[in-house]
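Chain naming follows the written order as A, B, C, D and E, and within any one chain the residues start at number 1.
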Amino acid sequence: MALLEAQGMVGGYGGMDILNGVDITVDTQEIVVIIGANGAGKSTAMKALFGLVALRGGNVRFDGADVTGLAPNHLVARGMGYVPQERNVFRNLTVRENLEMGAFLKPAATARVMAQVFDLFPVLAEKAKQPAGELSGGQRQMVAVGRALMAEPRLLMLDEPTAGLSPLVMEQIFERIVAVNRAGIGILLVEQNARQALAIAHRGYVLATGRNRFAGTAAALLGNPDIGQSFLGG
Amino acid sequence: DDTKIGILFDITGPIASFIPPMMDSVTLAIDEINDGGGLLGGKAVAAVGDTTGTTQGAVDAATKLVNIENVPVIAGALMSGTTLAAANAVTIPAGVPQISPTATSPDFTTLNDNDFVFRIVPSDAYQGVVLARLVLDQGIKTVALTYANNDYATPLATGFAAAYKAGGGTIAAEVKHEEKQQSYMSELGTLAKDKPEALVLIAYAGDSGTTIVKEALENGLFTRFVGTDGLRDNKLIEQIGAENLADSFFTSPSAPESEAAAAFEALYTAKFQTTKDKIFIGQTYDSVMLAALAVEKAGSTDRAKVRDALREVASAPGEKILPGEWKKAKELLAAGKDIDYSGATGEMEFDGNGDIPGVIGHFVVEGDGYKQVGLVNP
Amino acid sequence: MDITLYGLMMYGLALLTMMAIYGVLCLALNLQWGFAGLFNAGIAGFFAVGAYATAILTAPESPNHLGGYGWPPLLALPVAMALAGIIAWPVGRICLGLKGDYLAMATIGIAEIIRLVFKNESWLANGTMGISTVPRPFESLGQPWGNLAFLALVLAIVIALYFSAERAWVSPWGRAMRAIRDNETAAAAIGKDVVRFRLEAFVLGAMVMGLGGGLSAMYFKFIGATATEPLLTTFLVWVMLIIGGSGNNKGALLGAALVWLIWSGTELFTNRLPAEWITRSSYIRTLLIGVLLIVVLQRFAKGVLPERPPKRID
Amino acid sequence: MIRVDNITKRFGGIRAVDDCSLHVTKGSITGLIGPNGAGKSTLFNIIAGTFPPDGGSVQLDGVDVTGWPAHRLFRAGLARTFQIAHEFARMTVLENLLAVPAGQAGENLLTAWTGWARVRREEAAIRQRAEAVLGELRLEHVAHELAGNLSGGQKKLVELARTMMWQPKVVLLDEIGAGVNRTLLSEIAGEIERLNRDHGYTFFVIEHDMDLIARLCHPVIVMAEGRVLTQGSMAEIRRNEAVIEAYLGGGRTNQNGAGIGAA
Amino acid sequence: MAEFINLYLIPGIAIGCIYALGAVGISLVFAILRFAHFAHGDVMTLGAYIAYSLVAAFGWSVYAALPFALLGGAIACVAIDRTVYRPFRRAPGIIVVIASFGVMLVLRSAIQLGWGVDVLAYETGIRRPLPLFGDIRMAQKHIIIIAVSIAIAAALHWFLSSSRMGKAMRAMSDDADLARVSGIDTERVVRWTWLIGGGLAAAAGIFAGINTKLHPGIGWDLLLPLFAAAILGGIGRPYGAIVGGLSIGIAQEVATYPWIGGDPLVPPAYKNAVAFFVMVAMLVWRPTGLFKGRVL
């Protein structure tokens, strides 16, 4: 059974529709990537899934239950985790506090999970007491991913988690995503580093102007010359 | 037809706490007029405007009274600043007579007003001089002086200080204070430094007055206070306790023959069940009564005529009219007789500037109220 | 009802005059807030400088305060503006480095200090007693022509200000200003001298606030301590601008008109309350004003006329 | 073109840039890479005058510009983008560009009031240029959208577009690639090459996308812990053990694909 | 010296405590909801009047009424938030400031309608201050005001630093959207903010009433110094607000001491100017307040 299943999402900001019917499914144990041009509506789709953009049509089911329109804190409680594309760290809180906030609904496991996060991103342990706003762009991105992992979600939604990361760290993040996924967590990923993302993914979607353009296995998308031409940089 | 009397009061804003009993006084006057045969063949109606205690609000409210309510005459405003603004910007140019019950600023004396602006309290310049006389008469040779930084207290204090020094008194310390503060202990520290005999305190009881008296007593800095009409308020006795004010004394505009004052007192008590004198209610009543008498005398709502009639009904000669005698006044006027209103707060003999000379009473605390123990002449 | 046409007209004149004077203040504030994002909460201070300067310059000589120089009113206004600007310049130099709300509090603090100086230094402006001999232009024409002429003067000023502000809004100057408002680091990185632009907006706005002060001193023919209370000269202007729509000069004017209508007009209704409510009607009026402001705001959360990017220049 | 000598910048206890010296030659496209937190953006901010250094000096075209405010540097010919997009959020995309050229006549209020004809003429020229830039970056359809409403990648494009509105001598690009679609990015790379070739702009580029760096930049400077680690061609850099360890990693995800993943 | 402590310093501290309690609420609201709450002074007034009603109705001491009035102020704030401010959650701060201006007018006139405009007092008569040591004396009310303020500050410190809700407030003050994404129920945080801010405001209002007397303008008259205190401490910094309140309260009293010669250093009519001067000077020196404000 699909962990996350969204059908015919229509919605946007103010009066304007950005999504004109987007379907997205993520199965348990699956890594799914969304790619598309800038402004295609990828982030908007993620926000809609997470109850941050009001939907005028379509519905979202998580774990079998209809969660359309539920507030984010309920979604987090049900096991969804989300890392936004922009403004994804608490800039004035220290790194440690940022991670603690990630575990807000599961305080008991804080110490254990935080150790894991520090394992993954050792630099964060060094900077644990520094306000996240003073970190370099890449370091912040690590904090953001770490924060989402703290809640031990069953579905992790990442909006361009590797933007601005060094190749080494990008590699590590993708590795970790795979590891997290192996632990039974579904992953939904928006990426512009699309080749690398597709390399670890099972399936992928291509969005264009708020609609599903292509969908298929990662290998199929990578192999499609049209997609390579228009979205993967040739 | 009903006839409107404009009431321009500072209902909200800094002196809001004085207003309710004054409004009762307005009601008292209006009811009396209507019970005694009405005004100009109809009823008298109060058209109320709220200055909000600011220049802008005063001008706005006065504009509405003059133009929308079309009043022939206005009683008000109360604070000197709002009264001046309303007069300058609205009533004088429009030619509407205005009678302030309480505006004490000396500026009114010299105001270029085409004789449209009157007031029925003596100028601060005058009360200040009288206060100085009284303090000297009580044998007090050195005082500390503090006054609120507002348009009521400042000229009074200036007048007092000049007259007191001229009369041989010494002002050991003089401090101007802002109203609405949370504490006046530091001011009192300065004032009490040379241990003067008494504290002359010119402020409203409802504002800084009570606080200063209280803090001074609690800290043993002063035991004797000298106040003016702003302080001579029952709130002071309620909150401080009469026993703590035994040595203190006050001045306030008053009536020479207490016949009129007593008549008013009886009327007010009968209607509002309280024997305690409330501040400025007499002046309010008088201003409304004068306004109505002038309209009645003028026989129309023509504003210039009302203004001319005002002096006639207010001044001698003529048959004395006391508070509560509207009916009599109306009959006399109908018969073409001259009348002379004798107000709750004194004879209303306007001079050329629209001021009254006024009589100042000397008050002390007795029982749980104030008692007039004499009149003071400068 | 004894409402007369003449009375209505006179009230209308007064209403329009007040709206226009507040319109001047709103345009000034829009220049600072709507254009440059400067949170000036010290309108009262510059208003006071303009008002007192006008009063001192135009009033006849008096022993109670400085001067009384008896200048012709129309000569005094530019000087009042200049004085407000001269005060604003160092204030701006010191404070414009402050961000948002800190700037607001600093300016409010300075305005209060200015107010207290006028209130306490009686040699300067007769302290709390104020100056009650300020002449109003055209008053010799009598009523209603004098009032009408004065209104025409104020309206002419408002119109001139409005068109100047509109031109400034569409011009590259306004664009640079908005860029600075949105992101000062980036604006500096594209070559905008942030300090200079801000100071220009601040000083210009303060001068116009001084003009508003001068006009209102003339209109009231009186300037005293209560005329410069922040409630009516700072906060109400903010209410007007925000309700009308900041970043929109038309909104600024509309806000001034609408809010003043609410402020003043409510009394006409509460005055119709039964006689027993005589004391309370004023509180009810305040209540009504508050409720109306909230309702309008909930209905128009971006102001009645929200900010729009200017049309292209051509 | 840019000469950085012994620049140091401390934030509290940490030295973000530590006695760093480097040189960007005129007409080059110089790359700056290094681990996250190496101090690259901080160095850019110092060069561009966004904040002053604690020590050291910066020269632009032979002139000592240390401590110059940002707006003055821009006028001296230095344009830059921000890593985290600094768009003018309540202005349209078009206006974001129109605001750029320095010294517009209409930026003087008196001229705006009195010399409208001149302002109009100037504006027409600026607008033409802006429209061309928008076209090149695929932003024409959002020209009248408020910049604050753009998607993350579009905002980065606006950053880049602003530098193209001005004829600078040198452009500092701080990770314009992050979040930008790869196909579009390679077109942007072409544009950068064209500007460099045809107009002689010098570029100084921070980027984590090695494909882009390899295609565009020579030389490439590697920073780590606030200092220059090494410098050379991309091919040399790729072989440098220290760089691989600190920055490039195994490169498995990096070189087209055959990854670590489940696929 | 004794005179300095008795007449200048101690009243200054008491006033400072009142400022601090009010300013903490302003600061909290600022931190969480990002707007300057204009009606805060009138919430203070409301609290003071609720206490008065209890004193008048049951003959209680005002200190017994304090907890109930605190609750009253807190609940009133939550109610106001729901009816007025909630639609503005995503609106720019200035809009909400203006809405709170409307609330201020409504609250004040409601108080005037409900309780009248007369000047009232919790207790009447004269109470001599208690001798502490030497010539140092302290009024009972001042002892209580200062002691209760310290207790409240300590409780607040515990709440913000140790409780989960306190942490959630910190997160939300930093980035409300991200807090929601992290699973924090932001509306609950908002509710707690108002409960605390409203309660503290009520306490401040009651103390102001105890210190002097009660009238419908009591809170409004304190509003500007409260803002000054909140800003001085650094926006959104409750501890800063406490320090700011105390500094301003003490500075404005102590500045009128005759430090040089026999006259007050600053004429007392300029007391408020001192408060603002301190604030402006401070901001020039430290542009974001003593505690570098922005979040809790």
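Keep in mind that, in the parts below, a contact is a pair of C-beta atoms (placed from the backbone, for glycine too) under 8 Å apart; a residue touches a chain by one contact, two chains touch by 3 or more.
The UniProt protein names, listed by chain, are A = Amino acid/amide ABC transporter ATP-binding protein 2 (HAAT family); C = Branched-chain amino acid transport system permease protein; D = Amino acid/amide ABC transporter ATP-binding protein 1 (HAAT family).
Note that the coordinates shown come from a computational prediction; the quantities given were computed from them, not determined experimentally.
Listed by label, the chains that touch chain C and also chain E are B.
The chains that touch chain C as well as chain D do not exist here; no chain meets both.
With centres defined by CA atoms alone, the chain at the far end from chain C is A.
Of all chains, the one whose Cα centroid sits at the greatest distance from that of chain D is B. Pairs A-D and B-E differ in how many C-beta pairs touch across them, and the larger number is found at A-D. Taking each chain's centre as the mean of its C-alpha atoms, chain B lies 75 Å from chain D.
In this assembly, the C-alpha centroid of chain B lies 37 Å from the C-alpha centroid of chain E. As a whole-number value, the distance joining the C-alpha centres of chain B and chain C reads 34 Å. Chain A and chain E have Cα centroids separated by 43 Å. Shared contact sites, meaning residues of chain C that touch two or more other chains, fall at 119-120, 283, 285-286. Multi-chain contact residues of chain D (touching two or more other chains): none found. Touching two or more other chains at once are residues 12, 14, 19-20, 149, 176 of chain B.
Contacting chain pairs (ordered by label): A-D, A-E, B-C, B-E, C-D, C-E.
The touching residues of chain B, counted against chain E in their complex, run 12, 14, 16-17, 19-20, 149, 175-178, 180-183, 185-190, 193, 205-206, 210-211, 214, 217-220, 235, 238-241, 244. On the chain D side of its complex with chain A, the touching residues are 11-12, 33-38, 40-41, 83-84, 138, 142, 149-154, 157, 175, 178-186, 208-211, 246-254, 256-263. Per the touch definition, chain E reaches chain B in the complex via residues 3, 6-8, 11-12, 14-15, 18, 112, 116-119, 121, 124-129, 137, 139, 208, 211-213, 215-217, 221-222, 253-254, 256-258, 262-264, 267-269, 271-272.
Chain contact summary for the complex, chain C toward chain B: residues 2-4, 6-8, 10-11, 14-15, 18, 119-120, 122, 127-130, 132-134, 136, 139, 142-143, 146-147, 216, 219-227, 229, 231-232, 264, 267-268, 271, 275, 278-279, 281-283, 285-286. Contacts from chain A toward chain E in the complex involve residues 50, 52, 71-73, 76-77, 82, 84, 87-93, 97, 100-102, 104-105, 107, 147, 151.
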